[in-house]
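First, the structure itself, so that you have it in front of you.
By written order: A, B, C, D, E and F. Residues from 1 in each chain.
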Amino acid sequence: MSVKKTTTIVEQLRRAQMSELLAMNKRLDGRGLRDYRELRIDVGLIKKANGSALVSLGNTQVIAGIKVEVDEPFPDMPDKGLFICNAEVLPLASPYAEPGPPDEDAIELARVVDRGIRESEMIALDKLVIISGKKVYAVFADVSVLNSDGNLFDATSYAVVAALLTARIPKYDVQNEMLVKSEETIPLPINTIPISVTMAKIGDSIIVDPTAEEEACMDARITMATDEHGRICAIQKGGSGTFSPEQLTEIANIAISIGKERREKISNLAARE
Amino acid sequence: MSRLMSEEGIRIDGRRWNELRPVKIEVGVLKNADGSSYIEFGKNKIVVAVYGPKEVHPKHMALPDRSVLRCRYHMLPFSVEERKNPAPSRREIEISKITREALEPALILEDYPRTVIDVFIEVLQSDGGSRCAGITAASVALADAGINMRDLVAACAAGKVGGRIVLDINDEEDKMGEADMPVAYLPNLKQISLLQLDGKLTADEYRECLNLAISGCMQVYNMQREALMKKYFSTADKGGEDEEE
Amino acid sequence: MSVKKTTTIVEQLRRAQMSELLAMNKRLDGRGLRDYRELRIDVGLIKKANGSALVSLGNTQVIAGIKVEVDEPFPDMPDKGLFICNAEVLPLASPYAEPGPPDEDAIELARVVDRGIRESEMIALDKLVIISGKKVYAVFADVSVLNSDGNLFDATSYAVVAALLTARIPKYDVQNEMLVKSEETIPLPINTIPISVTMAKIGDSIIVDPTAEEEACMDARITMATDEHGRICAIQKGGSGTFSPEQLTEIANIAISIGKERREKISNLAARE
Amino acid sequence: MSRLMSEEGIRIDGRRWNELRPVKIEVGVLKNADGSSYIEFGKNKIVVAVYGPKEVHPKHMALPDRSVLRCRYHMLPFSVEERKNPAPSRREIEISKITREALEPALILEDYPRTVIDVFIEVLQSDGGSRCAGITAASVALADAGINMRDLVAACAAGKVGGRIVLDINDEEDKMGEADMPVAYLPNLKQISLLQLDGKLTADEYRECLNLAISGCMQVYNMQREALMKKYFSTADKGGEDEEE
Amino acid sequence: MSVKKTTTIVEQLRRAQMSELLAMNKRLDGRGLRDYRELRIDVGLIKKANGSALVSLGNTQVIAGIKVEVDEPFPDMPDKGLFICNAEVLPLASPYAEPGPPDEDAIELARVVDRGIRESEMIALDKLVIISGKKVYAVFADVSVLNSDGNLFDATSYAVVAALLTARIPKYDVQNEMLVKSEETIPLPINTIPISVTMAKIGDSIIVDPTAEEEACMDARITMATDEHGRICAIQKGGSGTFSPEQLTEIANIAISIGKERREKISNLAARE
Amino acid sequence: MSRLMSEEGIRIDGRRWNELRPVKIEVGVLKNADGSSYIEFGKNKIVVAVYGPKEVHPKHMALPDRSVLRCRYHMLPFSVEERKNPAPSRREIEISKITREALEPALILEDYPRTVIDVFIEVLQSDGGSRCAGITAASVALADAGINMRDLVAACAAGKVGGRIVLDINDEEDKMGEADMPVAYLPNLKQISLLQLDGKLTADEYRECLNLAISGCMQVYNMQREALMKKYFSTADKGGEDEEE
């Protein structure tokens, strides 16, 4: 059953302080309301994966690895490859994380990141068919959070995107309905790069890229992913607060404009293999 | 892709772009629960029970200053085309969470410190929009349980199908359409407590969709009020929109 | 490990009161010792299931759905279809029910209902073969308890029986060892209608169709299913008390005579689609 | 169907209709347990241990006025034809429950408030009637542990095989026969604490079966007494039927 | 997560007493430091298993059963049969054992016994192939601890070894790529008999075959398995203490010399079917 | 079998028999942890965090006289050739246990009664010897967390490959070689806290292997010290072997 994580007295006090600052357009770490923390992306760290990326967003650190297997397609989608995204918050990521199967937060994280990639049609799944109805590529994206300091949604999304952009998958030749793995590797067929932008509402302010401290005080959270044409392709509101319709219009504008500028940065960072 | 929209703007199930599917809401359908409701929303058939406010076990989960809200969204094995394993899927776990977050702002949890309120949503038959129907019914069941509330929560999706922005996506439209955007709305507070999107929308389409969904939520809200009045006021007068409960 | 549910002080006091009444052949809700509560059966509520039934027995409410799939037969039973029965007490059914996998009570419930249907040979499993040894129908009966007020055994059994009686399954044509689903649907092949009758022993009295309140006070419980020829085809004793041999003879007579009269009622109710 | 019964009324394993399979019961076979027993009943080989009465963890499970009885019936992976997964199956969970309910009426749990008594039944090799053999052995192990008891519990099935009512169904008869009815009996209280039936019986056959099963339980009861006496009285005299322990 | 089992005050007091005795080369049960407790092996008790052995080592009692099935080989080992070893400490084995899936101790136990048998190449897995790359024998060794009084490693290892030595498996004939089970049974193909010797370090003393009481007081534990040529083929150190390099040399000598003498005993005991 | 050892005694990855793979150790790589480290050991890439000493939940796990050490060794799904299921395998559970037992003798747990110390080892990429690399890194992370220690724990395997005793087995050598013997060593106490063996060794080979592994551990120990000094002493002087930290 779903139940809210408890907030402490300290967090409630901190919230008061934070609201005061935000009323003056300031944040605890000195950033402006629309500023991201420093982003670093290292790709190719894991040679045993088909693709990998280690992303630091301020103190938040996540690692994504891509593994590609050959599998059967779903019976109702004989001409589509498979994309499966999993996330776990490792117990070393924070004093509050615990070993065990993914909890509702980790499941939501994986599903929202998956949605951004799937709905933007980032991967051309129709080009991942080897034998129609029988053999397709199955692309597994596994993300592990190494250090948790807020905005896991964007960090995870950037890591999966960067790992997919730089992945190399084996090429198969088909001989008499049998697959023969060739020496050659090929990149994944990519249509677009979706960019996730996560915002938090604290009091009346909308801030971008919240830290863990800010998340502990926030009323609500929202993640929007946009594609290269500036279309919104996935949204997830979170948290026990609400947004007004006007705020949601503002939020979409932020997501589209910041998305555009960050797309370039992320493509460049991911390309530096 | 099958034609989801006729040239005359008629949808696959005969509706116009701004029309809801048939909705039926009943209040107080289960004897043991503190509050309960049953909703039919298109082919969705969902029953909801509320237990609480009640003592918390284990006790360390209790909060000194407010009640703890717990939510479960669950589908029966025969509610979908392919028999579903009874264990909770990742999808059900996510929907349980966003349902809780959609309901929480409407509840005055501070009135019930050291207690828990449980909301159980059981989908007997599933169609497009079951999360919205579940939130709508849960909100009614919470009211039926007598929980203090700031507002009801009415939920409804809008989306893009066959190139047009339309209200209340059904199963086929969800699968074949271009976008689905579930929204939960607190009508008196004019606040949105659930927003998700699957599929692609331009900024303009997004605003259009949001407004259409809110208008759908207002229709749902009236049906929620009617259902509650039908139970609580014997002369089942169809409640006007400007009345507060 | 199996362990008894605790009884409260209130239940113990209530038991004294109940015993006094029963000594005068009275029950708390005014029924006679051999009377069932009102039974309602609504079939066909769930269009996505092959068959379904919503059963109310007094305040006890259960819903059963039948799903039919094509599967392989068991290797040692190449010419039999499959029947699988599951039950769960949903957390909304009572203040004591909790989310999670079925506990021992729900497992016993499913297995006893399964036994009545299987041992009576209600379903002609030998007619559910599509290709001998390769393809058979697998009939899943899933029952969920919506409101729990005693005698889940009979309510669940009636719901499964009614759902099976009214189920329609797809017809398959076999062409070159391949299955082709036809437009046509057919009913399940039915041999007999088993009727479950559940009784409770409180003090020296045997009562039929116990409520939750009566079950909390009972010494022991017994369920007997009979077929159309008045043969007993399944028995399950429950509870931490005992029965004398004489009581067990009396109980069998009750089960057979009540079973006969209820069979007609249930066939009729189920037929009203 | 194979011939389970010869024309002379001889069963597939050579027994007559009212004959038990060979039975061997040993008491006190495990060093660590507070009470234990080993039974061979036909090809069944079962070991049982009792731990307790002992403190309860977690404490909130304790009852102020009596001991809590816990039971586990479990089959080893190699005890059956096809290797069994070690995790408890639905069948094992059901049998654990009916075993507990069969034993509970014989125990004076009120003598041990705030404690727990654990009964572990491990089937090393399984044949027809393993639940009855398990209950029989568990009852002996409880006596060996010195738990206060109103009576022993002796268990035995009767059933219908090849058209005849017979005692103590073995594995093949269970699979091919018409009915199997396990019974547990408290001989001194003349009460039945376990009754199940798989298969079809007319009312007359049912009564015949019940009586035959009870007569089988009386035979089992004498073997239980002998086994206990053999351990507890050095001059292992075969106990008469009218003695109480 | 791995965490140490707690030791009680009584165990700590007992440790002092034990150390004093050991300093005089004495043990609580009167054995010498290098003496094993009495070993009994009964094979063939479980007719439904392909092989079985009940082993008593003092008061420690374990039962092993072998089940042989036909399965597919691992893709990277098309010409090897499979050997799978599982162990569980049954809840009846001690007051501290609990029902549930194997804990880290039971998992270590199974893996160490498996390692001794696998690394010694006791079973000729290459002779367990029926159709290369398609059908091989899968040998399941399941061990259950019935009474736990120390040195489960050796008792379990001897039980599995004895059960394997005396197992009979079905012979299959291959006709048109199909398997036909023949009436005949054959023994498992055996290369060597590995012997496990477990020692405990208490203070400065190394003792062989520790009881549960000794294990509760020990600093560290070590198990060494040797093959017929006196080669060490598996080692596992356990416990939160350490060994010096010199002690490890001494331990290897003990394992080799005792292993030689016990191998004969175990082969003889296992042969007495 | 492929040639793992050339005629000139050169191994498949170019090393000599007594040579370690390239090693890189970093200290304090994770912000939230009380202590952390990152190690590259050949192709192994492992990150370790230490949390504690801290309060124990549930409280009954606490010990009155010392801290409780908990360890988890875990591999990420993409760390190995075939994608690994994220749930802990039997292998990971065993390694978690022997890792804890290898570290425990180095820690002065008595200094932190009623607390718990958690060690999390996450294998990002796995090569032969990941358990040794994990222990080595964990020991550094424990020092980084400021836990009182009697010694560091340095770990390294030796084994037999292509007929020769060699140091620090890599993945291919592990799969194709004759024996692999992981060792953990406390250099100042001259004690061994981990010893395992897979594969066959004569008594002489075993002694040779053990000595070689210990010499490998000493090399690892120096790298551990250097990494700690680099973090804790700004003038990163390469620490001599006779200094104590």
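Things worth noting here:
We adopt the following convention: a contact is a pair of C-beta atoms (placed from the backbone, for glycine too) under 8 Å apart; a residue touches a chain by one contact, two chains touch by 3 or more.
Just so it is clear, the structure is predicted and the values come from calculations on it, not from any experiment.
Touching chain B and chain E at once is no chain at all. Steps from chain A to chain E, minimised over paths through touching chains, total 2.
For chain E, the chain whose average C-alpha position is most distant is B. If you average the Cα atoms of chain A and of chain D, the two centres end up 58 Å apart. Centre-to-centre separation of chain A and chain C, using mean CA positions: 48 Å. For this pair, chain B with chain C, the centres built from the Cα atoms lie 33 Å apart.
Residue positions 72, 118 of chain B each touch two or more of the other chains. Each of residues 1, 99 in chain C touches at least two other chains. Taken as a graph of touching chains, this assembly is arranged as a ring, one closed cycle with exactly two partners per chain.
Here the chains link up into one ring; start at chain B, go to chain C, and the full order comes out as B, C, D, E, F, A. The touching residues of chain C, when paired with chain D in their complex, are 1-4, 6, 104-105, 107-108, 110-111, 115, 119-120, 222, 224, 227, 230-245, 248-249, 252-253, 256. Taken together, the chain F residues at the contact with chain A in this complex read 30-33, 36, 43, 45, 47-49, 51, 54, 72, 74, 76-81, 83, 86-87, 118, 120, 122, 124-126. Across the interface of their complex, chain E is touched by residues 61, 63, 68-72, 90-91, 93-94, 96-101, 104-105, 118, 181, 186, 189-203, 206-207, 210-211, 214 of chain F.
Contacts from chain C toward chain B in the complex involve residues 45-49, 52, 59, 61, 63, 65-67, 69, 86, 88, 90-95, 99, 101, 140, 142, 144, 146-149.
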